[in-house]
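Naming follows writing order (A, B, C, D and E), and every chain is counted from residue 1.
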Amino acid sequence: MTGPEEIRPDAVPGTGGPGTAVPLLEVRRAGKTFGGVIALRDVSTRVRAGEVTCVLGDNGAGKSTLIKILSGVYVPDSGEYLVDGAPAAFGSPRDALDRGIATVYQDLAMIPLMSVWRNFFLGSELSRGWGPLRRFDVVRARRVVREELRSMGIDIRDVDQPVGTLSGGERQSVAIARAVYFGARVLILDEPTSALGVKQAGVVLRYIAQARDRGLGVVFITHNPQHAYPIGDRFLVLNRGTSLGEYGKGDITRDELTSLMAGGAELEQLAHELGRPDPAG
Amino acid sequence: MTGPEEIRPDAVPGTGGPGTAVPLLEVRRAGKTFGGVIALRDVSTRVRAGEVTCVLGDNGAGKSTLIKILSGVYVPDSGEYLVDGAPAAFGSPRDALDRGIATVYQDLAMIPLMSVWRNFFLGSELSRGWGPLRRFDVVRARRVVREELRSMGIDIRDVDQPVGTLSGGERQSVAIARAVYFGARVLILDEPTSALGVKQAGVVLRYIAQARDRGLGVVFITHNPQHAYPIGDRFLVLNRGTSLGEYGKGDITRDELTSLMAGGAELEQLAHELGRPDPAG
Amino acid sequence: SSGRGGDQGATVPAGAANAAAPAAEGTFAVITHASAGDAFWDVVKNGAEAAGKRYGVTVTYQGDGDPARQSQLIDQAVSQKVDGIVVSMANPDALKEAVGKAVAARIPVITINSGGDFSREFGAITHVGQSEDVAGRGAGEKLKAEGVTKLLCVIHEAGNVGLDQRCNGATKGLGGTVERLQVDVGNLADATSKIKARLQSDPSLNGVLTLNPAVAVAARDAIADAGSAAKLGTFDLSADVVAAIRDGEVLFAVDQQQYLQGWLPITFLVLYKENLNTVGGGLPVNTGPGFVTKDNAEQVAKLAENGTR
Amino acid sequence: MTVADERLARTGLTRRLLIRPELGAVVGAFVVFAFFAGQSATFRSVDGLANWLDPAATLGIMAVAIALLMIGGEFDLSAGVLTGTTGLIMVILATRYGLSVWTAMLAALAAALLIGFLNGLIVVRTRLPSFIVTLATFLMLQGVNLGVTKALTGTVQVGGLRRAEGYEEARALLAGTVPLGGTDFRVAIAWWVAVTALATWVLTRTRPGNWIFAVGGDEQAARAVGVPAERTKIALFMTTAVAAWLVGSIMALRFTSVQANSGIGQEFVYIIAAVIGGCLLTGGYGSAIGASVGAMIFGMADKGIVFAGWDADWFTFFLGAMLLLATLANRFVRRYAEEVKR
Amino acid sequence: MTVADERLARTGLTRRLLIRPELGAVVGAFVVFAFFAGQSATFRSVDGLANWLDPAATLGIMAVAIALLMIGGEFDLSAGVLTGTTGLIMVILATRYGLSVWTAMLAALAAALLIGFLNGLIVVRTRLPSFIVTLATFLMLQGVNLGVTKALTGTVQVGGLRRAEGYEEARALLAGTVPLGGTDFRVAIAWWVAVTALATWVLTRTRPGNWIFAVGGDEQAARAVGVPAERTKIALFMTTAVAAWLVGSIMALRFTSVQANSGIGQEFVYIIAAVIGGCLLTGGYGSAIGASVGAMIFGMADKGIVFAGWDADWFTFFLGAMLLLATLANRFVRRYAEEVKR
């Protein structure tokens, strides 16, 4: 499934377009090992303001690991991580959040026993009052959550419901709504649309476009080329923990991208194949 | 994996081709309530041998709840559930498994702290020896798991790795491989492809086709109309816990289905919309 | 290197006032059926350690209420080849094997406090003190003399043999009704309110016997709170209890002079080691019971504060 | 909810109330109360009430603190013995070193905070289970309590607080009584109510409260959204230590002397009260009011058996049976509330 | 692995071994052993070995059973007192009702199985936390032990097993000694090894072993793939009861008498040993060998302090410090094994 030949890798440093400024985030030859497992090796990429960087690759390619390095969950074992051009050593996701990096994780999404609204504001609680009377503004928090979710097309019955009892897609939507709401400069989304219905996925893509247009840098992971191509500005392709290259939108066509994403073109052929075999044998 | 493609539907007791026989599974006006939440109301459907029934619907529509009724996790609060035409009261998923119903759940997939091979055989451990010396055939189990996963295109480094450290898609693949391996008469898949890459998703669709061709009844949930239409024989559409109707493949075109799945046609239009706004505008 | 520690023994104790006796060599193990921190046994420990200092020998003290663990402690002392073992036998049956092992290893054994009846049979050279039963009987008789007819015996550790024997003895001595109450010595507020609850719900109770000085203080408060006229007696001393005796809030404290149950056996063992002396001729050496009452409270007060009474 | 959703079954107010963890425990409390009130007239009298509320108060203060900690996903086995340690420090400083009671209390508070801080620090740094870390603290404090007390006094207790400066005022504040309805109620009961109210407010209405639920529910996920998990946990251990200090001071002022073994064995009673009150042992769920009610259930059953005059040899048997009944009542009520459809 | 994968860093055999939970504990055990061997010559002698292995054996048997239960996600607080109950039943039947020791042991086994079954049944049926259910059993058994013993004998202990029929043989089998290297070793040590081996085999090589990990790891998910979760849990409680019966019989035969309070407080020592050995309190992870080693660490520290001749007042202090050191050593070794890259 390796690299398609006709594509030129992006001429990385100092390009024109929306990418002239210092990149918001940049990793250089980052690597991460878990015990004996090498999850990521020598991967470099950059995220610029007002651009959408798509990270593509097979299952287990290391996409989520890269994302967790960007958002401060993991410290890379090797390589560099720069934020606004200066080396960053995030000790925890809190540090990343404080620098305006909001993330939707694939597997660290929510606290199942906590209610929807508490999860939504977790770590960034709305406060009112002063000094020792400073408190969580419960009424407003509930209202904000209901509104934000409704505008995503998710009509939660009861924001007091524990997140653990939500459907898969509802849970995903809460996580996205939260990241969009708090996203200040960079929005990182790890397979945000995978559990979503067509309508909800459309809403999320629109959100991404809006965020981009507001000048945020967006990192977007998806397996769906139909979601990735229209919205992405740059495409980083990972395979078995290493980078197969990074492409600008101009350097790659939709079909090339699809075929890069492992046999996307096969889908059409698959449709035939999936039909019933001829009963005559 | 087993089953080559050219095999005719299995001659299940008293059938004449798919569809004419007593359905393997049938629910009539089933309903399920959680505390104050009505998750499902008056939903009916049937699963026949050699057919793929697709369940479609928005997030929170009740698809997973229906699946859990079919696989014995929940007992419906109202309505009837028939297996092979006779009323079934499954006390636990074990009962359903014993009747040949294997399921991939959306959220109850795996035990994170256990290794891949232990998870794979959990509940259906390969045994050798007799009497008090009957034991788990560890060597064979490891081998089988590695082979099954490789044939899905998932190359797990180490089957002793705890499932909790796998990537989202790898975990999903293990669950699917397990259900396919143990699926005897009915295979139920709740959004199996959502976390999968294009290649792996294709493999799963082929598996479904193979299972169907071997005469299994398949229930398949997905949000992706491109996955659903080619392979489905019947389409059950849920909305906010109730059924919008069940359609045979002949009764509905791909486009109708896509639009039924809530604005699927919008996708194309969305692609334009997602482009950059006119800087002049 | 194993230069320090009990198994080498014979470190010269600092400041030992060993003018009376010539400095002896040796390690002696005191192993009782009470865990560390028990008010009664702490005085025994003080007595044994003081004697050790006086004679210039090493005394180790260990204790555990579980007979299994107590017997393991004896086994350990045997492994360490100590020069003598002092043991309290609340559960003689359970200690038979371990004591026998010590005797077989030619280690002199002296029993203290309880188990006097078996002392000889098991091969101990003598017994010091008398059983909790006798002490309890004394307390019962004293309460009877004060006109107590219905007594509440407060047990602060359920299933403890020694405490049970004290209550049983009191029952025999009193001749009247004895009711039991279980409290937790780790939580005195709770103990107070339980004693009070018992007194409130049964006004015919006219005596309380506690088996621990801290519980005695709790019982004193409870009696006052409940407005009861019950008479209070206790086992063992503390500064608070002595003060309460002085003030007439507590009638008496049973005093087994348990300091002697620590001091004497060490003395006897040293003598045995040096001179093969035995004391008592097979009869137990009694250390009590004595009573601390209003009359002698003043004198005892200072000693109780020092932990020797 | 602004508009009714057709996917919501109608639920009565009663059922919505009963579904809350603390109200399940309240039902258990009623069952136990009714039971013993039927057995003993003294139990239901004002006098009896004052009596069994007294130990429930000190237990309740600790149970609430432990509940917060358990919601945050950790245990503290050293909390019981720490009540003894703080009491000992206070009495020793006030009687042997001539400090005023207030200064001695402050010093004890500082020591408690340090111990709580160390507990928390070791737990978050080494990632050892808090069960093991605080077990070690428990054992070590137990040894220190006895060893130091013995070394200083030659006995296993220290006393004489009555003569210390400031004793009367401190006692009135923490260990005094208030006449009410013809009986004296302990002021500790008021402290208990205050602690419960404060903990409930923190838990449900402040940011740290949200963090406590989160670190107990899923620490990794909480960390990932920016919750300062380590700080939250250390603060929880320190809170427990402060509660232990409060209870230790109350007890020391009340009895004017402290035994070296005081508080040992209580640590599990605290956990039991919290669990009866609906806290999950696995963390992430529970309530302060529930823990308080759990302490009350335990206190009632514990004293009720004495009031009823049942055979002391069988005491623990009855206690166990009552606990089981109370938690079963609680459970059945909640299940009814959750499952019955209308 | 058949072929090397380029995504796998090369790991030495040592590191692969050290990563296993039980081998971490083994390192802790070595640290504690080396420490006390340096302190006391007796400790490291064969005699000393026989000495400290003896309590470790009975503790180890229970710790292994409790570890299985904890891996299965449950607690049993009644296990300690059940050792007393089974011993009492056996001694009472053999001495007061003239049964042979073997029959009395069988009767005690039946009682233990029943109690274990009831524990399990109540836990799986009511879905109450096992902590609470077995706490109730613990309290109730404690009351029964005391109440029945008092009623039958008037004291808090029963004895005289020595005279019962079959005593000598039963004792030789369960509580005898075997001369080895000039010292007598207890046969309980052999039982301990056997129990550990059996439990390890069940856990790692049988279907029920797989189910135990699964119900402890995620009961819902396990149920969903067809694991008979309820049966597994009930069987675990019954296994613990059988272990308690074994230990109770060993102790009763050895000491020929049983105290009514015997075993109380031990329940937590079992849990502690299991946790030192690497079991998670939240279930789903641990090993039988680890629990055994945990018991050994505890036994060594417990007896080593006595051998070293340290002041008994400070005993618990040293015990706590040793436990903390042993678990820290364990943790650092595992962290090294997991994190150092080569």
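Definition applied: contacts are C-beta pairs under 8 Å (C-beta built on N, C-alpha and C of every residue); 3 or more make two chains touch, one makes a residue touch a chain.
All values reported here derive from a predicted model rather than from experimental measurement.
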* Structure fact -> Outermost chain relative to chain A, judged by CA means, is C
* **Leading chain pair when contacts are tallied as C-beta pairs** => A-B
* Asked: Measuring between mean CA coordinates, which chain is farthest from chain B?
  -> C
* Which whole number of Å gives the spacing of the CA centres of chain B and chain E? -> 43
* Cα-centroid distance, chain A relative to chain C, in whole angstrom -> 72
* Structure fact -> When centres are defined as mean Cα positions, the distance from chain A to chain B in whole Å is 26
* To do: Could you grab the centroid distance between chain A and chain E? Build each centroid from C-alpha atoms only and quote it in angstrom.
  => 48
* To do: Would you pick out the residues of chain D that each touch at least 2 other chains?
  => 7-8, 146, 150, 313, 315-316
* **Multi-chain contact residues (two or more partners), chain B** => 36-37, 155, 157-158
* To do: Note the residues in chain C that touch 2 or more other chains, in rising order.
  => 36-37, 158
* **Residues of chain C touching chain D in the complex** => 36-39, 42, 46, 155, 158, 179-182, 184-190, 192-194, 196-198, 200-202, 213-214, 217-218, 221, 225, 238-240, 304-308
* To do: Would you mind writing out the residues of chain A in touch with chain D in their complex?
  => 71, 73, 92-94, 96-98, 103, 105, 108-114, 118, 121-125, 127, 134-136, 138, 155, 157-158, 178
* Interface residues, chain D side, partner chain A - complex -> 1, 5, 7-8, 201, 204-207, 209-211, 213-214, 217-218, 220-228, 284-285
* To do: In the complex, go through chain A and note every residue touching chain B.
  => 1, 34, 36-37, 57-61, 63-64, 106-107, 154-155, 157-158, 161, 165-170, 172-173, 191, 194-202, 205-206, 208-209, 213, 223-226, 230-231, 258, 261-264, 266-267, 270-271, 273-277, 279, 281
* Which chain E residues qualify as touching chain C in the complex? -> 38-42, 45, 47-48, 51, 54-55, 142, 145-146, 154-157, 159-160, 162, 251, 254-257, 259-262, 264, 303, 306-309, 312-313, 315-316
